[in-house]
Structures are given as C-alpha cells and as structure tokens.
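In what follows, structures are represented as structure tokens.
Each of the next two complexes has chain A plus one more chain, namely chain B in the first and chain C in the second.
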Partner chain A sequence: MAEESESTLQLPPSTAAEGEGPTEVSPETATPEPPSSAAVSPGTEEPAGDTKKKIDVLLKAVGDTPIMKTKKWAVERTRTIQGLIDFIKKFLKLVASEQLFIYVNQSFAPSPDQEVGTLYECFGSDGKLVLHYCKSQAWG
Partner chain B sequence: MTDDKDVLRDVWFGRIPTCFTLYQDEITEREAEPYYLLLPRVSYLTLVTDKVKKHFQKVMRQEDISEIWFEYEGTPLKWHYPIGLLFDLLASSSALPWNIIVHFKSFPEKDLLHCPSKDAVEAHFMSCVKEADALKHKSQVINEMQKKDHKQLWMGLQNDRFDQFWAINRKLMEYPAEENGFRYIPFRIYQTTTERPFIQKLFRPVAADGQLHTLGDLLKEVCPSALAPEDGEKKNQVMIHGIEPMLETPLQWLSEHLSYPDNFLHISIIPQPTD
Partner chain C sequence: MEEDEFFGEKTFQHFCAEFIKHSQQISDGWEWRTSKDCSEGYMCKTQFQMKPGTLVSHPGTSAHVQTCLPVEEALELPPDDFEVTETTAGIEVVKYEYHVLYSCSYQVPVLYFRASFLDGRPLALKDIWEGIHECYKSQLRQEPWDTITQQEHPVLGQPFFVLHPCKTNEFMTPVLENSRKINRSVNYITSWLSVVGPVVGLNLPLSYASITSQDESVP
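Now for the complex of A and B:
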C-alpha cells in the first residue's frame, strides 16, 4: 500500500454520549501530531474485525468544496455521520447554517445517525472508508 | 396454491391499526379526541400522518405548534425507520391498536432526526435504495436507471401504488443468469436490548459450494445470541413484517420477497412473549 504523505490523526472524541455534540478541537489548534500508538494506520498488525476500535477514513472534497489539509483520519467505529459532518464543518470553518453532504461510493448519502464502523464493514476497501463531502447535493 | 408474487402484495398492503392520542401536556383550546388510522407497514410515519397532524392542530393555537413527533411508551419513534419495523420491534407483543402519543413541543434532538418536509423522506428513502443496490449489484442497476425511474419508485410508495412501484423495483430484484443471487444481501438486524442501532454486515446469499444460505445461517454468523441454544429454550422471536419466517428459508428468497420498499430486510429480534 502506498505511503500517505499526511499522518493519520485521531479524530477527537465527541463530548456527547450518544448524540453527536461538537468536537473539542478548534480549527486553529488542529496542528498535525505524530501518530500515537492508539491511532490506526495502514499496515500495522491490528487484528481484523470488532477488536479494532478505530477505522481509517479518507475524506475527499467534491466540486468547489474546500479541501481539508488533513484527509486521513482514524475514527471510532461508533462515530456517526452527523458527528463527522460537524467535525468537517468546524475544520473548514463553515457556518452552522451551511449544509454539508457526505457520500459513500460516490452514490448514496448515509443517514446522519449511521455509524462509520458499519459503513466501513460494508463499503470499506484497502483498509479504509472513502467518503466524499460536498456543500451541495452531488449525487442526489 | 400461493404464488410467490402474492407474498409481494401481502407485504405491501400490510396495515397496523393505530390510535393517536395527543400528549396530555400539549396546550389545547378544546378537548382533543384520539385519532384512529390504519398505518402502512412499509411506509414512514411522517409520510402518512398528515391527517393526524391536521386533526390535532384544529384544537391548538398556532403558537403552540412546532415540529410534530411521535412516541410509544416513552420511546421517541424514528420517522426514518419503516413503520412496520417500529411496530414489530417495540409493540408487537402488546394488544392492538398501537397506541402512539403525538407531540408538538420539546423535540428530542438527541433521539430523532428532523423531518422538515416530504423531500427529506424521499431523500432518505432513495439513499437507502441506493445503498441496497450498492450491496446487491455494485450500484449497476440503480445507476443504469433514469431519474424518472427513481421518481417512480418514490411516487409508488408515496401514493400506495403497488404496480407503479414494482414496475421499477422488479429490476432491482434481478441478478445475472450465471449467478444464484445478489452479490450481498441488504439487511439490518435490530434489538432493543443492545446499545448499537443495528447490525449490518456483508453477507453472501450463496455459499462457496453453491448452497443457498438461510436466515438461520445469517443469524448464526452475525447475531448468534438471537438463536436458541442447541437444547435450550427459544428465548427470542425473529420477526419480519409481523411474522416469524422459518430459519430454513433461503436468504435470497427473503431478500426478493420480504424486503421493504427500500430493498432492505429489516429484521427484529424481540423477546419471546410469555402468554
């Protein structure tokens, strides 16, 4: 597997228990950190299946949506799509009223309460889940 | 002799007798009578409750009304889950009618998604159909269809038109002649006893040796706790559309005949009722 130039960062845990609240990291302080031992990176000897608590997500911008400086994130399996949307919006400094859509396989927009772990199980490839994000509806 | 096609009709026309009562703390100008309605199992709450909304709003002031939401025995009902699934999972062991409480205040943000319009229901429904086809056909069938075909699926559901819906949906139920079924089966397994919303994994309808996988095979693989132990008592019911299909039923057949309009098999694991 080709080496990514960006390091795999841990997505900060959400503050809310079940409902996804805003994440703690503010965009200004989000500087790249060296991968910690808890972060999942491709090629490490991680046991497959449920024992792996975090999954790799690769975020790709669509159209003229701003590109995230860091594209690769290690995300807890139970993180919801809404939680990811909130995080990306904060990272890109979008205002709350601006919409953000996330797509899997460039074909469907999962429900905001969908867990990324389930999406990874069903639609992940090469050890990661690729998600496209867009400020407008790209694939309806 | 029952034709397999009759099963499709039985599933589509399934109904749940429901009694809607206004939450006692809502402010009304007059007494609010309960409203009775037969809910389609295969549809969504916010799609079929316009009459319920109108009925209760007649006795309320405009300023006391905000987004409608529904609750059963303290549990907010997710409008984006099919009605039949909600009933089977939460209320099937109780006597009919299904008693649902109607709210117009204090929307539970942490439990429910907002439903600003019918467009939101359509978007959610179509997304599920696309996700199902990604699993069944690598999205080839749904992508080959024109926008008007997608629209016909939605209109068929919205207007309760079986023939209109299935004229398009039958294409989503086909598979290549050389295969014995879909690539993977779109399914979700729900239990009220666990933290996770549902189980959804990749599962093939056909084994490597060509044998058709059954419902029992699926459960053994992804939710073994649902099955009774070898010589133990049956603790759970495995329910789809209000019935318990035999565990020997081929999963491919279930997917073709007992899926909801979104093309997913929504399966409820509920405690065996003690009569």
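Now for the complex of A and C:
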C-alpha cells in the first residue's frame, strides 16, 4: 500500500459519542501505525484483526469549496460521515450557517450515521476511499 | 448554460423512473402515482419507524403495510389482547410517508412528508422534529419553521410537511457541474434525495449510489 507518509495524517479519535469532531489536529511525519485500542470509541467492542485498520480517505473539494491542504487522511472504520463532516467544517473554519456535504461517487450523499468502513467496502478502490465534499447553504 | 440545465417535469419523471427501477430491484418500496385528472405524477414511499413513547397503543395490523417493511428486528408487537394503557415506557409505531413531487415554480423536486400513529393520529411538526438527527437540528437552528412548512399536497389536497426547496439549486449545482466536467450523468433525484432525505428520517440505502452517476456513453 503506497502511503505518502508526510501527507497521511491521523484523524484524531472521537472524544465521546459519534458526531463530535476532534478539537485539535496534530500532524505526524512518520507513517502512522494502527492505533492501540485506546483510539477506539468507548463502548465499542474490541474489533478483531483487519477491522482495526484505518481507512485511507482522499478528500476532494467540489465547486467553490476551499481545498484542504491535507487531502489524505487515515480514518477509523467506525468514524461516521457526520463525524467526518464536523471535522472538515472545523478544519475549513466554516461558520455555523454553512453546511458541508460529503459524496461518494461524486454525487451520492451517504446518511450521517454511515460508517467510513462500510463506505470503503462499497466504494473503495486502490486501497482508498475517495470522498468529495461540498460547502453549501441547503436550508434556511 | 447548457439546455440540460433545465430541470423540467419530463426530466423529473425520467429520473424518478430510473430511481424506482432501482428501488424495485432492492425492494425499497418506492412507487409512482399519478393523479386521476391531470398528468402530474409523484413518487412515494411509506415507512414505519419505532418511537419510544409514553402511550402504548394497540398496534393492530395496519392495512397500509407495504411490501417492504424496513428492517426492524426489535419489532415486538404486544399480543392482540393487549390493553390500551398509559405507561411510562413503551414503543410506538409511527408511519412515515414521503412524497417526491415536482415544483413548477422552483423547477426542482420537493419532498413532502407526514407522519401518523397507527391509529391515524397525525404527528405534529414538534414531534417529527424530535426524531430528526441531531446534526440537522443545529443546522436548522432548532427552529424548523422556516425550512419545514406545512402545505397542502398539490395532488392529494391533504396537509403535508414540506422541506423548502428554495436552496435546492444551491447545493445541487456544484454536484451537477462537477459531473458534467468529468462526463458523467447524474440521477438528479437520487442525488438530491440522498441529501435531503436524512434530514427528515429518510435514509437511502447505499446501493442507490451506483445509479446516481454513470459514465456518459460517447456519442
């Protein structure tokens, strides 16, 4: 698996229940090792073998959405779409009134509770999952 | 702008037909309905959800059970002779109906929905609101009134809640433009519904993503 170590960053684990984004991002220069069980969200069972491996996610911007400097992230399988959205919103410093949508296949928005691991199994290729994100005003 | 930017009623019907084809393949329960006196048509789906409630009502066997009841393994209906009582804990079954219609004024699809208990009592917006995913609540600023309004269903003439379509073009346009750039066609309905559906409890199975976008055949 080809990994550009300097651009593959760890997505910090959820501090609590799903949906809460991380508060701080610390870049790592070394190739990230699979985290210990401490990185697994509390309350989940200890996953066996492969399920502990993180997913390589490639984030691509759509439309006028700002492009993230770091596009490639290692994400836990159990991270939800909503968790990822919260993270990108914080990363891009979007204001509360701006919404962010994530798409697979560049056009389908998975529901917020969908897990990255499941999406990788359905839409991943070449060892990674490509997700497109788009900033928009959808309501209000 | 190209001519296919215009999302007319024919285009709407075409994408709905494609959507329903896939729905039938995966038994997802969507149907097409036409009104008797006009050529308008719309897509609809009925879905049942379990809600924790204070009133345990006799569930009965609903005549409206569609062929594809969504998976609810926890569906434990009390036996038929169960009394209607008020208890502090209980499960209520709520019937949700989702209708996708075409809006001539906005030239986009619009999502109509309503919910009722099995005995026919409709849910108020406040109750529906409680069932909405947390992440949307903050987006809709805890006050759904501007975004979700109650309107008369254009064909059935009954009150439904409607997700306001005024911003639909805003979030659809980047997706459509992006697809045009890479020469792929997008099923507008699938893409749109995948975005707006979850806001009101309607989650599309992932397999729809395979029909959202297809490579255009080279002319």
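For this structure, a couple of remarks:
Basically, the second predicted complex is superposed on the first by the 94 of 140 C-alpha atoms of A that agree within 3 Å, B and C clash if a C-alpha of one lies under 4 Å from a C-alpha of the other, contacts with A are read in each partner's own complex, and residues count from 1 in each chain.
One rule holds for everything that comes next: a residue touches a chain if its C-beta (ideal position, glycine included) is under 8 Å from a C-beta of that chain, and two chains touch if they have at least 3 such contacts.
In this text, all values refer to a predicted model and were calculated from it rather than measured experimentally.
When both complexes are overlaid on chain A, chain B and chain C end up clashing with each other. Contact with both chain B and chain C is seen for A:107 once the two complexes are overlaid on the shared chain.
By the document's definition of touching, of the two partners only chain C reaches A:136; chain B does not. Contacts of A:67 after superposition on the shared chain: neither chain B nor chain C is touched. Comparing chain B with chain C, the partner in contact with more residues of chain A is C. Within the superposed three-chain model, A:115 lies in touch with chain B and out of touch with chain C [touch as defined at top].
Chain A uses residues 19, 104-105, 107-113, 118, 122-123, 140 to touch chain B in one structure and chain C in the other.
By the touch criterion given at the top, residues 80, 109-111, 113, 123-124, 126-128, 130-131, 134-135, 139, 142-143, 184, 196-198, 200-202 of chain B touch chain A in their complex.
Residues 133-136, 138-141, 146-147, 163-164, 167-168, 170-171, 173-175, 177-179, 182, 184, 186-187, 190-191, 194-199, 203-204, 206, 208-210, 212-213 of chain C are the ones that touch chain A when the two sit in their complex. Those residues of chain A lying in contact with chain B across their complex are 16, 18-19, 78, 104-105, 107-113, 115, 118, 121-123, 140.
Every residue of chain A that touches chain C in the complex is listed here, in rising order: 19, 62-65, 82, 85-86, 96, 99, 101, 103-114, 118-119, 122-123, 132, 134, 136-140.
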